[in-house]
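Here come two complexes built around chain A, the first alongside chain B, the second alongside chain C.
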Partner chain A sequence: MSSSVYVAGIGVISAIGNNVPQHLASFEREEAGMCDISLFDTTHSKKLPVAEVKLDNKQLTAITGLPDDTSRTALLSLIAAKEALTDAAIPGFDTLRSGFVSANSVGGMDKSEAFFVDFLANNNKGKLRNIYDHECGSMTEIVADQLGISDYMTTISTACSSSANAIFYAARLIKNDVLDVVIAGGADALTKFTLNGFNTLMILDKELCRPFDEHRAGLNLGEGAGYLVLVSEKVANKLSKGLYCRLSGCHNNNDAYHQTASSPDGTGSYLAMKGALEKSGLVPSEIDYINLHGTGTPNNDSAEGTAIKRLFDPKCPPMSSTKSFTGHTLGASGGIEAVLSVMAIKHKIIYPNLRFETPMNDLGLVPETKFLKNQNIDHVMSNSFGFGGNCTSLIFSRI
Partner chain B sequence: MPEEKNITGSCTINNGAVFKDGEQLFENKGIDLQHFLLSVYQHFQLNYPKFYKMDSLSKLGWLASEILLKSGFGKENYQSEEVGLVLANSNSSLDSDSKYFDTVKDIASPSLFVYTLPNIVIGEICIRNHFKGEHAFFIQDTFDALFIEKQVNYLLDRDILKACICGWVDVLEQDYKVVLFLVEKQKNEHSLLFSAENMCNIFNNSKGI
Partner chain C sequence: MKIYIRSSSCISPQNTFGTENFFDDIVEYNGTRLKAIEPEYKEFIDPKLIRRMSHIIKIGVAAAKDCLNKGNTEMPGAIITGTALGCLEDTVSFLTHMVEQDEELLSPTAFIQSTHNTVAAQIALMLKCHEYNNTFVHKGISFESALLDAIMLLKENVANNILVGGTDELVDASYTVLTRLGLYKRWPVSNLSLFSTESKGTIGGEGAVFFLLTDKSSDDNLAELNAIKTFYKPKDIKASIISFLEENSIKIEDIDLVINGRNGDTRNDEVYKKLGLSIFEDSALANYKHLCGEYPTSSSFALWLAANIIKKGAVPDVVIEKGNNHLIPKKILVYNHYLNKYHSLMLVSAI
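Showing the complex of A and B:
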């Protein structure tokens, strides 16, 4: 590593809260965000639990001041990105080379889906020009404009590892002295396409998800956004407000095994975690907590568990899947979980893995099930593994 | 001055026949596409059970890549990251999209759903050969050799790749055509200069080099 990359601000919105303090409170109360579908229009309502952000589009547009026809993805993105930027309180922000690296996987599809219901029946109902900008990059542009970032912006879409890769990429931009400060993370709103698609793949649990449990039956979809403000050493030295931590390692690997599934032995996840450790200069025993990808699907959890055992045995660090609270927020999950990993260091906490009862048969891994305070947390690993075997691990370290 | 690049092999599957480097290797006309694809698989004595799970687009692209790489490709000369793909077609994954949509009325099929993207065919070829280089799939009205030339030149001239499989793979119901080119920096006994013109000639005469 040529120079360090620091975390100066965090922002998050998900089913368990609209900002960082609300998330902390929900974890402390051990209160999950999944419930019956109330805001999102789908035939699966009452049948499948999802983790919705508890604000409707009207409330979100009122908070953000964005136009009524803005996609929920951009609305969630702006709320969390703004919280992060405000939190960082960087003096002279306008004079720095700034960037916005944002991930999402659905773009404005929530709005496209609503549009096509009427339009397919009668093509006089609606104009195609009103939906041309629902691709992923448009979401980034809307938010970058609002944040006043014009030096650099880009969008990363690699399924469930999208926003971890956005953070990885942002760190490289800073390390290579291309930018001084980058807001990096991602957002995704619930859409019919993702809910129906995951339902087709038969990997949705009809009950609340049970990550890392032998009897796990799939994931619950969620939505939200999470962002970090990453700064260079030069900017970090000028900040009057304290820094959260350092992004000490990141690594991406692809196990190129199947369109959606991970390889059974977790080759991609193993290489991602191992690579991140090497870049951070740490040995496995120095990791104090792993924020698991832990979706609750049979395939992910056994592959991730196998990879963790291979890397950390005989002594695996405390671990938990916060998706047991937030659901799987897809393109937002790496960003949200990066924020939670940073909070784990700041507040010296470990999050519980809700609803865990029975360890996976051949692995015997037992995640943390209680909210723990006053823990010695210096190094946290955050895993994000995407469809297509796109695996990313990030490591955050106390300064 | 960028290094010269060569088309060191080609494979065309079209109209009930398979050509490699200009030579017809197999013909089986007048049967439906599924049976034809299976007959190609059997004729070349390929052994890859995953073939049976693939959609038509992947079967076509995968078969053409197997035949293209069967002899003459020195896989050991390249690292995984040095071989990539640039493919295009005009019907995207529409053939699988509509087959998948038909199942939604009953039980939505997970095995069809995972093929409802055109670039899955690239994934199948990469998984088979452990290729891990850059790749891209473009949707175009017709085969645009100039565009493909530009993309492949970019990847090879900047040493992003050392070898690239490029071309066209398209299917919609019973209409299909695949033409793949292997592009490398070295030459062989039948290689042609890599150019849009040479790709067009091979694409249009349907026999290959």
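Showing the complex of A and C:
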């Protein structure tokens, strides 16, 4: 029960790259991934910047070999999950109890939207193939089948903290000796549904987002997928290839304040960060970098900032929101940012928080604005907070 | 560690909520869609909130609150839900407005409440519960995933009382789509004679069932939850069941009753038929999907049924497939499969 869980492989796709090396290069160049919307026709075109993966569905199906009508969410998921599994290069993988725990927020909604246009006009119309995989679980199943994983799979959906919870749950499946190795993370494609949903909430910035800045005006939606390969101590000992790090602490709390808004004092985020620290046996001063949830909305950033101050004052660790590069990838964000946190430890780097100018009033927090190399990064905290008050923090530690 | 079902509450197409009756008053449906019977919500939910809540949120929150009341617990140590399709009413509503209004002048309410974690979130909000909160959305094992999470939390000693439930709603759009996909029978059928005609398709259902799991023994507990296991596309389900029983050191003869997920669809029921002629040949059998309809988290209804049969020491006539109604089961195996892809086993016994 008390054995450690290790990270043996990573995979990621987002607006700033189709794999891990491309992400590293984009960060080094300080190049964000936002652009105009090209994936679908929308009245918000050219008005709201989004962070699209720079491959269209045709290219994604060609790379993955999946059928043409596959949801973009499953396509993105497969690319990142495969990269992670290949990277882990676990000998005798077939002989281990393996699992796939994936997260997303709207399943095959990109296809359901197409179905719905015809269906609404006439309930006997609409291509059934487009609605067949509407369920969130379908995305996971499609990818698990491709990865050849059948011992265990499940899907988690807790809005924007979904894939952090997938990683947390996967780690517990290993600790409870249910599985030996789990690919865990999440995926979400941009959809008209989410774009319009967030637009009705008036939390989309018409400019590029400015997380943690006093003049921030909202988030930019993004898309992508990010996965870790988590292994038990027993499997870790057998690997010839080095491990990335240890998943040393995870904690999940609920803000219990409002369906979408965070409490002003960031109760949920505070409890999640504090709980993760306790589980990892660390004190606040030992955290070397925080990968912020940092969406760029006035509400999230002030709640998260307040919670960080409360926990880390007087000395807050270096922090940044990589959403200033990738946009907010919703159900994928916890997975993508977990990968980035792991990379921060491996490459001893801190990512810049782009477009930051003015610290938030009363908080005075100044995120890192430059790409920093050769940093002493032993412990990284990754925050993911979502609608419904779902708050989760993960801590990764150098071995 | 022993894990107990302390209390349970079930909103379903039958009179299962707010009554001590145990199928004395069976509801017959003629059609292929069974709707959950809505209780008087204001006993459980702030009347100001009821108006804004969709069907699934209301049945979910009411069942959760009732379950806590029955378990004399104000604050659970964790809230975990399973739902395959989530908040369909709000999802369809937002999609419809988006298409019909060409993305203009949309209201955020439906979008806000469309996320799959809304039921778990609303329960947390109502209770001001800051503890662990999670939602599983994996097809026919959404509820089982939530249950496994709860069991692990108890074993990790993170909490002593965990609220865990399965919720799914059937709305007009999903009923129409699932009918077109061939899930349901093509003509009306009485749910009470669902198993007497051999034909393709089943009947659709919905519901919200919550359990309070605890590691504390008490005479008030309904039953012990011994084990749960899920399988994806098992090559030989018979062998999987046998090894599950072995893992739990019991023999098939020790099982007093097998509650299975027959749903009246010949293709679906073929699996149960085969097992009924092999390992379950001498077992007493019970069915439940004629009462609640087929839906991805219907196994939560089956677990509620199993726990109550054990507590009450009686098997209602309406569920018996094979065996006699004088049976007082001490050990029940719940076996369900969803579309023959996801199979699950839950073992429940008397405390």
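Structure notes:
One rule holds in what follows: the second predicted complex is superposed on the first by the 387 of 399 C-alpha atoms of A that agree within 3 Å, B and C clash if a C-alpha of one lies under 4 Å from a C-alpha of the other, contacts with A are read in each partner's own complex, and residues count from 1 in each chain.
The definition used in the following text is that a residue touches a chain if its C-beta (ideal position, glycine included) is under 8 Å from a C-beta of that chain, and two chains touch if they have at least 3 such contacts.
These numbers were taken from a predicted model, which means no experiment stands behind them.
Look at chain A after the overlay: chain B and chain C clash there. Touched residues of chain A, counted separately for chain B and chain C, are more numerous for C.
Shared-chain residue A:G335: touches no atom of chain B or chain C.
Legend: residue contacts after superposition of the two complexes on their common chain; A:G249 is shown touching neither chain B nor chain C.
In the superposition on chain A, A:G327 contacts neither chain B nor chain C. In the superposition on chain A, A:N196 makes contact with both chain B and chain C.
Once chain A of one complex is fitted onto chain A of the other, the partner contacts of A:N390 are limited to chain C, with no touch recorded for chain B. Chain B runs into chain C after superposition on chain A, and of the options 57-65, 147-155 or 273-281 the stretch responsible is 57-65.
In the superposition on the C-alpha atoms of chain A, the part of chain A touched by chain B in one complex and by chain C in the other spans residues 196-197, 199-201, 254, 256-260, 388.
The residues of chain A lying in touch with chain B in their complex are 196-197, 199-202, 254, 256-260, 388. The part of chain A that touches chain C in the complex is made up of residues 1, 42-44, 105, 107, 112-113, 116-117, 119-120, 123-124, 128, 131-132, 134-138, 140-141, 144, 150-159, 165, 169, 172-173, 175-176, 178, 192-193, 196-197, 199-201, 252-260, 267-268, 271, 386-390. Partner chain A is touched in their complex by these residues of chain B: 108-110, 113-115, 120, 123, 126-127, 130, 132. Contacts from chain C toward chain A in the complex involve residues 79, 84-86, 94-96, 98-100, 102-104, 106-108, 111-118, 120-122, 124-125, 127-139, 141-142, 145, 148-149, 152, 155-156, 173, 176-177, 180-181, 230, 232-233.
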